[in-house]
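Below, subunit A partners subunit B and then partners subunit C, in two separate complexes.
Coming up: the complex of A and B.
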């Protein structure tokens, strides 16, 4: 749709017309701000913990576990130098043999979600699939943060309560 | 010929004064749009863009994705 609009504008005499082909999806997937009625509603990227510990493939599980515990997390995201998510260590994986290399201990290729997914949807998904957390990434796979189920459920409940209050106040 | 650009180019051009135009229908624009974007749905772009845009400044158009 945007290429046709760009060409049409040129036909009106606009001389410097650009087409952002990846569009709004790409913008939102990068976790960049938007305006509009949905902008104030919390999304996965707003609630995700950006201070989640990370590790690389060549570390040992013992040192990574210590680092995660010191940071107050029972998870660690495995990333490369570009912060692209390669794997995930949840509580179960972190409890394995301390001498294991991360590559052998991690859960490879975990499901990841984009930052713009509504928090209610994430809370439902994590609860339904009994997942304690999920990495939130940009569309090119870079880590934004780790969304914990407890955080998602709490944010969704708060949103639901605010909606109920608003409806009550609007009633004649 | 319109030039295709990526996200970083969008940010740079907007900082330099480019006008952002979302060409999706008004209801989709109302829910979410890029900061500062105007809404000229494709079907109305002819009627609205001539008066609503400054031809001396760059214009960036976008929709939902490349589809």
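Coming up: the complex of A and C.
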């Protein structure tokens, strides 16, 4: 449909028309801007901590743990030079033997989620599955940030309260 | 430990899986397969979707 839609737009006189072949979900997963009523609602990528500590496969757990603690995190994301997520160290993994290489200590290939997922959904899933945090990545696996459950729940509650206020003001 | 993988069922589609694809736990009571996770979170749309192509 999208190539035909692009041609149709040109027929209307639009001159800067592009067909983003990878699709709308991929566009949103890259954190690119969107429009419409849903565009202003916070999503996983908006709430994820972009300052999450990262480490590489060849580091030792002890130094990485110190770095994570100093940054106020109980997690660290293992990435390569391209910032592609290779593994994750949550609290349990960070508590292992300090001499372990990261490759041996990490959870390899962790589940990752896209930045456009509505924050209410992420909050609900993180709570229901009792998960402290989840890495947010683009479609090609590059780290956007770490979404902490507490942050997600707070953002979802704020959104819910704003919705209730709006409904109250709209009532005749 | 005999190293055998214990299979569980996706709580949505009933497919056999070896861990929940959301929380990665093999003993998750509401385990989900990869397809059901990405669909539930809107990361993918079931094909063929209803607006055609």
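We take it that the second predicted complex is superposed on the first by the 157 of 172 C-alpha atoms of A that agree within 3 Å, B and C clash if a C-alpha of one lies under 4 Å from a C-alpha of the other, contacts with A are read in each partner's own complex, and residues count from 1 in each chain.
The criterion applied here is as follows: a residue touches a chain if its C-beta (ideal position, glycine included) is under 8 Å from a C-beta of that chain, and two chains touch if they have at least 3 such contacts.
Treat the numbers as computed from the prediction; the structure is a model and nothing was measured.
Between subunit B and subunit C, more residues of subunit A are touched by B.
Touch criterion met: A:113 reaches subunit C, while subunit B stays clear of it. Contacts of A:16 after superposition: subunit B is touched, whereas subunit C is not reached. In the superposition on chain A, A:3 makes contact with subunit B only, not with subunit C. By the touch criterion defined above, A:25 reaches both subunit B and subunit C. When the two structures are aligned on the shared chain, A:131 is found in touch with subunit C, with no touch to subunit B.
Common to the subunit B-facing and subunit C-facing surfaces of subunit A are residues 1, 25, 116.
Contacts from subunit A toward subunit C in the complex involve residues 1, 25, 29, 107, 110-111, 113-114, 116-118, 121-122, 125, 128-131. Note for the complex: subunit B touches subunit A at residues 1-7, 9-10, 13, 18, 21-24, 29-37, 40, 42, 45-46, 49-50, 53, 55, 57-67. By the touch criterion given at the top, residues 1-10, 12-28, 30, 32-39, 116 of subunit A touch subunit B in their complex. Subunit C meets subunit A in the complex at residues 20-25, 28, 30, 37, 40-45, 51-53.
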